[in-house]
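The structure under discussion appears below in the form of structure tokens.
Going by the order they are written in, the chains are A, B, C, D, E and F; count residues from 1 in each one.
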Amino acid sequence: MVPQNQIGKSAMMLALFGEGADQMALMKTLEDDGFSVTLGKIGTMESHKIVAAVETAAKKNGIISSELYREEHALYHATMEALLGVGRGVASFGTQLRTVGLRFAIVRGRPYSNPEEGEWLAVAFYGTIGAPVKGFEHEALGLGVNHI
Amino acid sequence: MVPQNQIGKSAMMLALFGEGADQMALMKTLEDDGFSVTLGKIGTMESHKIVAAVETAAKKNGIISSELYREEHALYHATMEALLGVGRGVASFGTQLRTVGLRFAIVRGRPYSNPEEGEWLAVAFYGTIGAPVKGFEHEALGLGVNHI
Amino acid sequence: MVPQNQIGKSAMMLALFGEGADQMALMKTLEDDGFSVTLGKIGTMESHKIVAAVETAAKKNGIISSELYREEHALYHATMEALLGVGRGVASFGTQLRTVGLRFAIVRGRPYSNPEEGEWLAVAFYGTIGAPVKGFEHEALGLGVNHI
Amino acid sequence: MVPQNQIGKSAMMLALFGEGADQMALMKTLEDDGFSVTLGKIGTMESHKIVAAVETAAKKNGIISSELYREEHALYHATMEALLGVGRGVASFGTQLRTVGLRFAIVRGRPYSNPEEGEWLAVAFYGTIGAPVKGFEHEALGLGVNHI
Amino acid sequence: MVPQNQIGKSAMMLALFGEGADQMALMKTLEDDGFSVTLGKIGTMESHKIVAAVETAAKKNGIISSELYREEHALYHATMEALLGVGRGVASFGTQLRTVGLRFAIVRGRPYSNPEEGEWLAVAFYGTIGAPVKGFEHEALGLGVNHI
Amino acid sequence: MVPQNQIGKSAMMLALFGEGADQMALMKTLEDDGFSVTLGKIGTMESHKIVAAVETAAKKNGIISSELYREEHALYHATMEALLGVGRGVASFGTQLRTVGLRFAIVRGRPYSNPEEGEWLAVAFYGTIGAPVKGFEHEALGLGVNHI
């Protein structure tokens, strides 16, 4: 069972694992515990494409409703917070001549024992940031958590 | 063996795991592969105490030299970048009525296959950020990577 | 009737009006339309006192529940966003030798015609920011809006 | 009469009112009291277009001189500060996949009783910020005040 | 003669030179050309003390009037902009466990050939920033320019 | 001889001087003392072009190796820090309708008396920032210092 209050850890782990048995096992555990999960990846110099990739993945996989701004708003802020971790205080990349290659994981569910705390959302990124030259890059990651 | 170029992932995993068998196994693997590792924890509203806790742990465990500003400079910037992930763009907490409880991991070594790329340093935080009220908090994390 | 989608405008108007007939009339209209409203004021150099003043007013007047972190989290982010408007990108004051004197208004309710959009929250500040010298100040304001 | 020291409140009110009798009445009062006022609107994802729209409106209506950099400099900083309120710490929108629709008001005059305090300038924005999807947006506003 | 439009360069040079013949010669040239100049120094971990030191020096030496908020406002923003250069995007130091030792220069006058561009102000800092350990520091500087 | 610990001052001076005898004399002194130096200039509204101009100049003149990410990483962060001084907290220009014309200097060498402190790098910018209108601009500068 995923420990309560740890959708952030779970999302980060999924992004760190990448494809494979560990990722599949954790996804299954999360889904068995009632969490919704989706994964994706994006490589770009433009931060708005990252936001769009996360939204598209979340809507296509039913993590958020396409009809409700409320849910888009919760996801948007979680995504921007996670991007601030990747950019370490800045959420734009190409304007600074940096390119990113990121895996992401989105987890939605009830992390608190008190049922009235309702649903929360975690967005995690893991990948590389660097110059637009192969291998000239280091790792970067970020996590955003929001109520939904 | 720890895959090359992944001291950031390794540091983040160590912080996410917390005390236990998984953490010990990963530490051992890292040390066998020639990386230096140290762990710590800190709970505070004052970000300068977090910086001090990381520096103290790094010096005490020989991750960086106490004598060389160069090494302190590398660690300082990696720490500040990791804190920007925790604060999602802001590296101060108490002035915003937030308190944090964080575990941290520091990994030093050679993540690139080209030996001339030399040593790098990763600092990772994982824990909670929230109001100064028990349970009124959610997860936060951050990673900083720097050459040393 | 308060036009839909305008809890932000309403909160800002309440803070701009200050005590008097206009403020009372708008409060009454909002309450008749099903919105919860509370008002307050704070003068300080320390931003965490502003956050605390808003939270205390909101809890005391039943705008948010004291028991639910979810609600505190929504209010906290709306407050911080409003403070970024007051400080124009910075949410700390005393560390920069500035003092603020602010009135604030908090409005909670359903601003969207689609009932599934649920409840939202607006926090507005209006007042002065300046040197700690009487009269050496100009106006400042900010608004934060969040789903709750 | 407009109370002294409140060109910021006046500019914000004009932007909040939008077209109509209230706006016209306040504009007339301000002009009778010796203030210069202009209004405009702009919808875009690109913040430099907002800056340009405000400058164009200000120059065309004689709020600032097209010949003096000094006046453009004062207006520019007031505009950027107001945009930081709209973006709550960030003054770019499209790079974050956000679009804004804003009304703005610019007021120039002498808000202080001491005539040597000279002329000041207030720029206020009010409107919406959101995803590039109709209705997926909430209110946002900002105010900048500068000496000229 | 100081080239027009270069009060920023002049202020930065004065701060870089430090006490000595070069500094005295440049000061004399500036004063002969009708500029007002003052110098100072400050070592601290608290940014509000830097702001206060600059203001005190400026008022004591008649660079700005103690009676006019307008002038304090112009100086304040020039000072904060110069501090952002020192802190490279952050204007607080002690909260990040950094200490600074800075020389500063303030220059006021008419840098533009068009007399209607009026008076402008430049604030420059030069010194060190680092850990609170002797020698664990590197150089930092910043410049702010504003109309007055 | 260049005083120890002052590669930042040296780089800033080179950028302030511009072409001429003073610049050539300082460059010669620095090279005699074992420092590597290169100069350049760039006018643009796009910050990524500034980053690219600095990198190209540094690689072409052998200040950093084109083969080592480690060196590119050190230069990149020094450049971004210097740009934060130019933009006073923001490292993008065109998105804010500003254009810059900058001279830059890069100095690499051993500024500390302890040889184990190794090599450091300083990047300095000096020039103008302003509206895209001739003469509507004021001076701006910045310095970044990093270990390499």
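The definition used in the following text is that a residue touches a chain if its C-beta (ideal position, glycine included) is under 8 Å from a C-beta of that chain, and two chains touch if they have at least 3 such contacts.
These numbers come from a predicted model, not from an experiment.
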{"item": "Each chain counted as touching chain B and chain C at once", "value": "A, E"}
{"item": "Chain C reached from chain A - shortest hop count over touching chains", "value": "1"}
{"item": "Interface composition of copies chain A and chain F: same or different, split at half", "value": "different"}
{"item": "Label of the chain whose CA centroid is most distant from the centroid of chain A", "value": "E"}
{"item": "Averaged-CA centre spacing for the pair chain D and chain A, given as whole angstrom", "value": "36"}
{"item": "Chain centre separation in whole Å, for chain B relative to chain A (CA means)", "value": "21"}
{"item": "Centroid spacing, where centroids are CA-atom means, of chain A and chain E in whole angstrom", "value": "44"}
{"item": "Multi-partner residues of chain F (each touching 2 or more other chains)", "value": "69, 73, 89, 91-92, 95, 112, 120, 135, 138"}
{"item": "Interchain contacts (touch definition) - all pairs", "value": "A-B, A-C, A-D, A-F, B-C, B-E, B-F, C-D, C-E, D-E, D-F, E-F"}
{"item": "Of chain B, residues touching chain C in the complex", "value": "90, 92, 94-97, 130-131, 133, 135-138"}
{"item": "Of all residues in chain F, those that touch chain B in their complex", "value": "67-70, 73-74, 77, 112, 114, 116-118, 120, 146-148"}
{"item": "Contact set on chain D toward chain F in their complex", "value": "46-48, 51-52, 55, 69, 72-73, 76, 80, 91-92, 95"}
{"item": "Chain F contact footprint on chain E (complex, rising order)", "value": "5-9, 12-13, 16, 81, 84-85, 88-89, 91, 111-112, 120, 122, 126, 128, 135, 138-145"}
